[in-house]
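Below are two complexes that have chain A in common, paired first with chain B and then with chain C.
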Partner chain A sequence: MKLYAKFFSLHLRSVMQYKSSFFLMTIGQFIMAFSAFLSVWFLFDRFYQVDGFTFQQVLLCFSVTLMSFSLCEGFFRGFDTFSYTVRNAEFDRILLRPRNEIFLVLASKIELSKMGRLLQAFLVFLYAIPTSGVEWNFQRVLVLVLMLLGGVCVFCGLFLLYAAICFFTIEGLEFMNIFTDGGREFGSYPMGIYGDGILRFFTFVVPIACFQYWPLLYLLGKNESLWCMLSPLVCIVFLLPCWAFWRFGVRHYQSTGS
Partner chain B sequence: MITVSQLSKRFVVSRRKSGLKQATKSLFHREREFVQALDNVSFTIPDGQVVGYIGPNGAGKSTTVKILSGILTPDSGECDINGRTPWKQRREHVAEMGVVFGQRSQLWWDVPVGDSFDLLRDIYRVPENRYRANVAELTERLQLEEILRTPARQLSLGQRMRCEIAASLLHDPKVLFLDEPTIGLDAVSKLAVRDFIREINRDRGVTVILTTHDMQDIEALAQRILLIGKGRVLLDGTLEQLKQQYGRGSVTVSYSGGEVQKLSELEIVEQEPGRLTVSTDGSREDTARVIAQLTAALSITDISVKGPDAEEMVVSLYREYRV
Partner chain C sequence: MKKYASFFRIRFVNALQYRAAALAGMATQFFWGGMLLLMFAAFYHSAPESFPMDFQALSCYIWLQQAFLAMLNSWAFENDIFEAISSGNIAYELCRPMGLYGQWFVKAAANRVARAVLRCVPVLVFAALLPAPYGITLPPNVGAALLFVFSLFLALGVVVAFTMVIYIITFYTISPTGVRMAATSAAELLSGSLLPLPFFPEGLRQLAELLPFASMQNVPLRVYSGELSGQAAAWSVGLQVFWLAALLALGVWMMHRALHRVVVQGG
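Moving on, here comes the complex of A and B:
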């Protein structure tokens, strides 16, 4: 952790070499996320309700997804851009250090400009908590925390998977973005509204629904079952196969260049 | 102590002809080819030796270095460096290793070099007093005083290379891999780097494995040479032995008169009116014999003697082994 703080401060100092670029990027990220927010808003301006969810309830879901995604994108950036790391053999260097390679990839890139998006998510979050009509009690706050944690786990797992594929293809595979960026866009709304097939896919294969749709039902008192309450834990389990695949990839790493 | 036995590594390469049509075709059907990068490579290097690891491009030098430093896993074979197998106990192993890639930097681009060093201290968990002592020593020997406060992006290549080497020695490694450490450097920087490597080897007993295409590096530093080509070890010996076996020297004379026909038993390399080049085997005795014959037959106005040249020697070696 101390070492991570060191890396963090170096990243911060590097970024501060280009101050105006940094601030423009952050503002840009904020505006980009804002457009996603607007699209939700315009939709509700028309329809008032989607599949029984009110505007504020959808916003709660939207902000949880966006917040966990931007946390991941900021701190797991090293995995998102991993194809470059593999292609210019930067990963050789990482393997030459006597530390865990996941940690080093994690620390190799910290994208502070993604904080613009995080800030946006946080503001929406603050607005949605009191207005969503949830009767807050201890369990429900706990579930909300679990939702965020689960979201971070799912996106981290996806980034890790994406990075591990780079070991075999060298190039990154754009189709993975369906799950990462796509997951974020999809995840703006509770997964239930897309129908059973998609809900099942996003529950059992890529457990995005497990940190938003199911626990959201619990929060709103629509379904008080234990499954709905603890479904974010599935997201943590999702990390295991991703990690195993990463280990498999590292062993097949082929390096490039002289 | 480094022991390598029967190391083999094969790469899969997909090939295609250039052009858009071929590129589209290769999307669906790939021609795959296997390249044997290393083929039963074995050698032993005792502690504290400086080994020049040479061979033409694509011979397998980098692959060997990458396997020895734990980056790649070989297909078969064994390797033992100070009691550890690099790819199995990677973390423990790399803690005792320093690696410099001449063409790639390990310094942070936008922050002063000193900050990069501090980070390395934390990554390698170097005790504070060792770190201070090392930085002080390296700063003095490599004249880094000014440079430490400069961001890496503003350094010249020579300055950067000195920092790279310093960076790889901060954690007191026992083995140092240098991959083309003098590439692109000017004459002064080259000499400085060479001197420093020699000192480090002498004072700290660091085992150095040096891959380079610069034969002057080899001549200045290597106590032993390993020649690799097409994935095999072709030669293993000292530079002196190599010179005796493969070195050729020559004597060039300008003359004003005499009988060239008398010299039929000498090996004439080049001949033009008034000028003659004769080859020798590079030894002092043979050179003396040739000069004696030349002076007996011709009236010489000028003479120049050339000893075995490492560069030419390697060229003839490569040619002989067809690598």
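Moving on, here comes the complex of A and C:
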């Protein structure tokens, strides 16, 4: 943990060398997320509600997804760009160091400019909490925290999976974007609106619905079952197969040379 | 002209080499288009009367957008060009016996066309096989089809001319990422690639239709289904011609000024 803090301050100091560039990038990230928000707003300006969810309720979902995605993107950047690490045999150097390789990849890149997106998501979150019509009590706040935690776990798992595939393909595979970027884009809306087949897929295969649709039903009092309340825990379990696959990839790693 | 043609051919053949990437890209586009349509369907079922387009026209819009994504998106930049500028390799390119603007323009256009050629056919075939309101249909008449092709190429021109302006701005700021992101997200929103322009609130929609961004995707994709036809279509295509000319002129002028004071970095 202390070592990670050291890495963190290293990254922070390195971006602060190019202050104007850093702030421009952060602003760019903010604007980018803002246009996604605008398109949601325009749709609700016209339709008022979708599948029984109001604008503010969808925003709650939107902000939880976006916050967990941008946290992961910022801190898991090393896995997102992992194909480069494999291709130029950086990974050999990582394996030589006396620390856990996941930790080292994690610490190798921290992208602080992604915080622009996080800030935007957080502002939307603050707006959505009082206006979404949820009657807050202790359990519901707990579920909200679990939703965020679950979201971070799912996206981390997906990034880890993406990186592990690079051990075999060397190139990054664009189709994984379906789950990472696609998860962010389409996870802005509760997964239930896409129909049953999609909902089942995103519950049992890639548990994105488990940190937004199901617990959201609980928060809104549409479904009070324990299963809905605890569904974000599934997301934590999702990390296990991803981690196992990563271990499998590391064991099969062959260096690509210089 | 021959120089440009062969330059185009080199880039084209080069881009055709990445077939696995194209395959992965296609899978992504099927999924993306499908999810978008399901999302719009959910809104449609909530309030069919406030849906601003025919659902069939929307399906055509989405599938064409996915099929020609590589050609018309506003976020694909040639990394070579940025590298040439910040590493100083631009000095070599300046030595070649052809204008730098033309060289880069052709390079970017060729890459976009090559990527789209590989991807568009399977996506369109797949989309044609889908059931009625979700699939793609033929354009309503020959006129719309011809106008679509014409408008598509104009759109390509406008997109490339727009990215050229961004490249040239890079001459002035060595770190281009911020400018690029701001320009890209404005273009994404206002070209109708996040949300088709008819879904915008009144007032904003009219404004967006006048801006150059609308010429990048909005016009060709709506001309195809006949959603934009007759006088409105003629007006929009005319606007595309205007923006193409304006952005080309702006780019050439900026390039001219930038090259006067170019300082090559690195050794």
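In the analysis below, the second predicted complex is superposed on the first by the 257 of 258 C-alpha atoms of A that agree within 3 Å, B and C clash if a C-alpha of one lies under 4 Å from a C-alpha of the other, contacts with A are read in each partner's own complex, and residues count from 1 in each chain.
Criterion: a residue touches a chain if its C-beta (ideal position, glycine included) is under 8 Å from a C-beta of that chain, and two chains touch if they have at least 3 such contacts.
Note that this is a predicted model, so its numbers are computed, not measured.
Peer 1: Would you sort A:4 into first (chain B), second (chain C), both or neither based on which partner it touches?
Peer 2: Touch status of A:4: no partner.
Peer 1: Which chain, chain B or chain C, is in touch with more residues of chain A?
Peer 2: C
Peer 1: Output check: A:136 vs chain B and chain C. Expected answer is one of first, second, both, neither. What do you get?
Peer 2: A:136 sits against neither chain B nor chain C.
Peer 1: Regarding the shared-chain residue A:204, is it in contact with chain B (first), chain C (second), both, or neither?
Peer 2: neither
Peer 1: Answer with first, second, both or neither: which of chain B and chain C does A:27 touch in the superposed model?
Peer 2: Only chain C; A:27 stays clear of chain B.
Peer 1: May I ask you to decide whether A:39 touches chain B, chain C, both, or neither, giving the answer as first, second, both or neither?
Peer 2: In the superposition, A:39 touches chain C alone.
Peer 1: Of the two partner chains, chain B (first) and chain C (second), which one does A:84 touch, if any: first, second, both, or neither?
Peer 2: Neither chain B nor chain C is touched by A:84.
Peer 1: Just checking: does A:14 make contact with chain B only, chain C only, both, or neither of them? Give me first, second, both or neither.
Peer 2: In the superposition, A:14 contacts chain B only.
Peer 1: After superposition on the shared chain, which partner residues are touched by A:177: those of chain B (first), chain C (second), both, or neither?
Peer 2: After superposing on A, A:177 lies in contact with chain C but is clear of chain B.
Peer 1: Once bound in the complex, which stretches of chain B touch chain A?
Peer 2: Residue list for chain B touching chain A: 11, 57, 62, 66, 69-73, 90-92, 94-95, 97, 99, 101, 103-104, 106, 108-111, 115, 118-119, 122-124, 151, 179.
Peer 1: So in the complex, the part of chain A that touches chain C is made up of which residues?
Peer 2: So the residues of chain A in touch with chain C come to 18, 20-21, 23-25, 27-29, 31-32, 34-36, 38-39, 42-43, 45-51, 171, 173-175, 177-178, 182, 185-186, 189, 193-195, 198.
Peer 1: Taking the complex as given, what residues does chain C use to touch chain A?
Peer 2: 20-21, 24-25, 27-28, 31-32, 35, 38-39, 42-43, 45-47, 50, 52, 175, 177-182, 184-186, 188-189, 194-195, 199-201
Peer 1: Under the touch definition given earlier, write down the residues of chain A that touch chain B in their complex.
Peer 2: 2-3, 6-7, 10, 13-14, 17, 89, 92-93, 95-100, 251, 253-255, 257-258
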